[in-house]
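Each structure below appears as structure tokens.
Presented sequentially are two complexes of chain A, the first with chain B as partner and the second with chain C.
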Partner chain A sequence: MASRDVVAYKTPLSRIWNIFTVVFIAFYLLWTLLPLMIMFFSSFKDLLAAFQLPPVGAFSKIGLFFDFTPTTKHYYNLFVNLGFSTYFANSIISAGGSAIISVVLGSMCAYALSRYEFRGKPDLFFWIISTRMAPVVAVLVPLYAIFRGADLIGTKAGLILAFTTFNLPFAIWILKGFFDNVPYAIEEASMVDGSTRFQAFRAILPLVAPGIGAFVILCILFAWNDFLFSSIIGSGGAKTLPPATVQLVQPQNIQWGSIMAAGVVTTLPMMFLGLLIRRYLVTGLTMGAVRE
Partner chain B sequence: MVSTGSGNAVSTAHDGERYVEGARVIEHMPASLNAVPPSRYYLWLMAPALIVLAAISIYPFFWLIWMSLQNVGAGPEVEFVGLKNFIKLWSDDKFWMGWILLFKYSFFCMFFEITIGVFLAVVLNGHRFENILITIFLMPMMMAPAIAGLVWYYLFNSTFGWYHWLFQSLGILGETSIIGSTETAMAGIVMVDIWQWTPLITLITLAGMKRVPRDQLEANMVDGASAIRNFIAITLPNIYPFLLIAIMLRFMDNFRFIDVIMRLTGGGPAEVTKVLPVYLFDVSFVYFKLGRGSAIALTLLIVTIIFGKLLVKVFESPASKRIDQGN
Partner chain C sequence: MASVTITNVWKYYGKTVAVKDLNITCNDGEFVSVLGPSGCGKSSTLRMLAGLEHISAGDIHFGDTRVNDLEPKDRDIAMVFENYALYPHKTVYENMANPLRLRGESEDLIKKRIAFAAEMLEIEHLLQRKPMELSGGQKQRTAIGRAIVREPKLFLFDEPIAHLDAKLRARMRGELKLMQRRLGTTMIYVTHDQLEAMSMADRIAVMHNGVLQQFGTPQDIYNHPVNEWVAGFVGEPPMNFIDCDIVDEGGKLHAVHSSFKVALTEGHAKLLNGALRDKSVRMGIRPDQISISVGSGSGVDGRIKLTEPLGGDTLVNVDLKGADQVLVKTNPDFSGAMDQACTLTFDTSRWHFFSKETGVAYF
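Right, the complex of A and B next:
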């Protein structure tokens, strides 16, 4: 706690507390990492090795987990036989496309919402954010029927549009908070110097650029990790990584090695991106309500 | 919008041209500054986003209402049935069970995530390795829920799953997998949610704890308060608005996403995990009863919108205004 250095003397109680915290953190670390670790190792295991378990209760034989010869055949299988390079590209194009569209349109709209007062603004604002809160399945039902009518099922354009249903309101909502923090005086000064309104808007963009960049990445993350939209709207021509991975689960023959490899391929880039925008993560995941 | 400090003698003919005592003033500013009336300018900036949003949210919403009044089968025939879909829902046990299970699932997730998450935040706050630890703890959140579901499905497998082996070795479970028995299936799906989303609670709580006035804690300490007393009397009231936001966000996410449940149990066994959104998915995309599905979707949407209204209220309440200050 913040006041730890004020009261510096050690009591037996504080020693017990310290030991307890170390144990708790160690346990939580294990709890967090074990599933990720098992996924990672299993993706390099031969199927036979992956299915090996010690007898029930034999904790001493837990080292069996590391007893395997690493193989990259699952990754090879994934990209050469199962066409995952296409799915990977689909993921990048549709997630990236929707993120860029959302943030470009979103920042324009957010800027206007931040600067312009008009009647009914709170209602408009609530409508925008409620589209983001809507349960995915509930939105999926009408969107599927409409997209089917417009021949958008199985196309990347359709998928980009579908991802935009949750990314655009998110971008507007969160970027408005960013523009609210930029004083209007900066634009005023810029306009006094002779720039147009639009140039003044461009003048303050560098100030919000880091935030905008972070939310492009966050939008990519949301779209990349989506399953329902891409499995229904993207089925056929525009399958992305999560539904493609799920499809490896077949009733007769579950290709666990390939599934774990696909899991690693899907998860690693997002973990990297998550680290990159670590500073904006709380703001983004709480829709701007909490700033770190 | 932009006031250029016009005095009494200044009259504005129209934007861009000004007359002082009858003489036209050559403005230093170019006319383009006010060439576009601000309101129209802002509308133009908003228009593209609003049009796209309207196309993908208002139109589908009315479509949903219209569709919920129809009977849609697998074929192209559509028959108007009025409120029949809703009346049928009234006597549909699975519909009501879906709501009960959804709240049960959300409650258990919230209870454990808040308890563990806040405790973790207390332990981590000011810890030597706070930054690196929280970064590691965040990793599950970056994983696609569908993939997380698959990985845990693998861990829970009764013949080769390591977690199942662990549960069996500890004597918690027998031969049946945790997601294979009606008694434990709910615990299984809650566990995955805890694994993935507890760090979010921790992160939000930590952000709140950084705002706790340090002098208050110290003064209280000097007055002889214990650490626990300090936490209850000072820290907790300060992080309360943060916790409220965390709870509401997680609650809504439990309504929004069903990826993990679909992968792990698909609503089974014996429908003990068939929360409403899963039931809705089945009705709409397994049985293709889009009319009935639309009626269920509408009820889900309305409840979510009410929740959303509450959430926005919390966002804008004086209590959470504190969140924006500082730093």
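Right, the complex of A and C next:
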């Protein structure tokens, strides 16, 4: 097999370009990592230490930033006094629940859309994805009325349903692509082997497992980070982390330390999931069983 | 085991007709090959037999059972797909066990059947591997293994060896034929390769444009093609076709072309019964039914255009007078140079005449 490397030759222009690339990446890393770093360190700092900043431009005094005695009092405050353990649990249950529902319904719907031909299929498919085109704010008021009518405001079930409304179309859309890549022959073989259509569907699920795995995590991410639905529909009984964090901003007392700690608590689990998603996405799909 | 009866079956895809009024009867234990170029409707036929496609019109019976409305799982068939269609996440053993598991067979029986199939297919050492770790031939054996552990009524093979390399394909032809004879299961085998059909099948159904052209034994189809299309499709290298006139000279019929005038045999003349006198027909003759010698002599004059030595045989392209060209298959000792004059002799007992309009064979 021939090498798949891209052949590149050095020219003066490419050298300048290389330097530019390095500088760009350096700035980009600073831009993305610095806020996270400040958040992480500040969450362990006393309020006084957190505001001790070196003067602008004085890079020699950068050490001041790291000069503090670590304290976990903000985390203690968060979980013991402010009830963040409940919010954390709410976040996990509602995000996880909606991800599971989205993936179960989504994979069945995606399979049907991938395999069956019927009248109006392109329109149906477009309608499904178009439900994600309108901004959530636009439908929030009617949705609120419906949810209140169904007595779902402030319940975890209501929140799961709300998250599912935006996760499910996305699930169908992405998973259809994965099912399209699975050759018909495998499920046909399964049906000839003696399975029903539903068993045949289950037989090819392992082939779309990378897609489903990646997608479960994406769904959790979206739901976990959602602010609008959780603050309106989850308000009261099913508050999740993002709206709970915002409530730490009070007119007379902005609890910076606790806000930073809440930020860390919200961000870390998703960062770990992000690492997981990578592995799933690069896994091959059909694993070489079918010769195309 | 069962016989298969296909009665007046049609298959439409929207407005496109894939299979037209198909009638095939396949006896219990018979090896029937469905042969034709791509798009001829042979795969649609097989998929209708499997139950993977609806039958647009007509009936299919396995034995006495009408299967039109049965799901694939209820038809008691096993199918081998062109691209093997193994479950990539399962081992060879699990792939073969799958159809038995779905039927709730006991582990003992599964083990016994797989051992039998694996021994027959010589894949015992591969049972714990996954499809990714197998070569094309091994994958194909696994797919066949999955079909035979079931001990079904009917085997459906959809070009199972089309993707293998030439050497392995030649070997698998023999093995598949042997396997079918040993198991004695009725087999319908779809292929576009006339060599596979000829060498393996008891009977061949030749299809073209959705229409069954001829259904008969390999010898029958080779020696008595019913029309020009079958004559041209079956046989390698393909049959030569030359337009000529049938002329009555002194009470004897002759085939007349600008470069030859050859008398018809008594038998053929009788078959034609004078009906074609002074008519233009298309003569067909196979490359190995022409003999060739260098230099001019009493026979059909031609000029060597190209020789292709194949080792065991030599193919010679000969230009006839006029625009016609014939391909001759001769022995490897033939030593004609390009552009040399040569003489051809037709084996007139084995040539064919086809109608110029309809392509139908006169004999």
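Keep this in mind: the second predicted complex is superposed on the first by the 251 of 292 C-alpha atoms of A that agree within 3 Å, B and C clash if a C-alpha of one lies under 4 Å from a C-alpha of the other, contacts with A are read in each partner's own complex, and residues count from 1 in each chain.
Assume contacts are C-beta pairs under 8 Å (C-beta built on N, C-alpha and C of every residue); 3 or more make two chains touch, one makes a residue touch a chain.
Nothing here was measured: the structure is a model prediction, and the numbers come from that model.
With both complexes placed on chain A, chain A has more residues touched by B than by the other of chain B and chain C.
Judged by the touch definition given at the top, the superposed model places A:Gly194 against both chain B and chain C.
Touch criterion not met for A:Val80: it reaches neither chain B nor chain C. Applying the stated contact rule after C-alpha superposition, one finds that A:Ala203 touches chain C and leaves chain B untouched. Of the two partner chains, chain C is the only one that A:Ile186 touches; chain B does not reach it. Of the two partner chains, neither chain B nor chain C is touched by A:Ile16.
Once the two complexes are overlaid on the shared chain, A:Ser130 sits against chain B while remaining clear of chain C. By the document's definition of touching, neither partner reaches A:Ala26: not chain B, not chain C.
By the touch criterion defined above, A:Ile232 reaches chain B but does not reach chain C. Counting contacts as defined above, chain A residues 188, 191-192, 194, 196, 286-287, 289-292 meet chain B in one complex and chain C in the other.
If you check the complex, the residues on chain C that touch chain A are 50-52, 71-73, 77-79, 81-89, 98-99, 102-103, 130-132, 136, 139, 143, 146, 150, 156, 163.
Contact residues on chain A toward chain C in their complex (touch as defined above): 183, 185-186, 188-196, 199, 203, 206-207, 286-292.
Against chain B, in their complex, chain A makes its touches with residues 1-4, 6-7, 21, 24-25, 28-29, 31-36, 38-39, 42, 50-54, 56-59, 65, 101, 105-106, 108-109, 111-113, 115-116, 118, 126-131, 133-146, 161-162, 164-165, 168-169, 172, 188, 191-192, 194, 196-197, 201, 221, 224-228, 232, 241-243, 245-246, 249, 256, 259-260, 262-263, 266-267, 270-271, 273-275, 278, 281-282, 285-287, 289-292. On chain B, the positions that touch chain A within their shared complex are 2, 28-30, 32-33, 35-36, 38-39, 41-43, 45-46, 48-50, 52-53, 56-57, 59-61, 63-64, 67, 116, 119-120, 122-127, 133, 135-148, 150-152, 154-155, 159-160, 162, 165, 168-169, 195, 199-200, 203-204, 207-210, 212, 214, 217-218, 221-222, 227, 230-231, 235, 242, 245-246, 249, 252, 255-259, 262-263, 277, 280-281, 284-285, 290, 293-294, 297-298, 300-301, 304-305, 307-309, 311-312, 315, 320, 323-324, 327.
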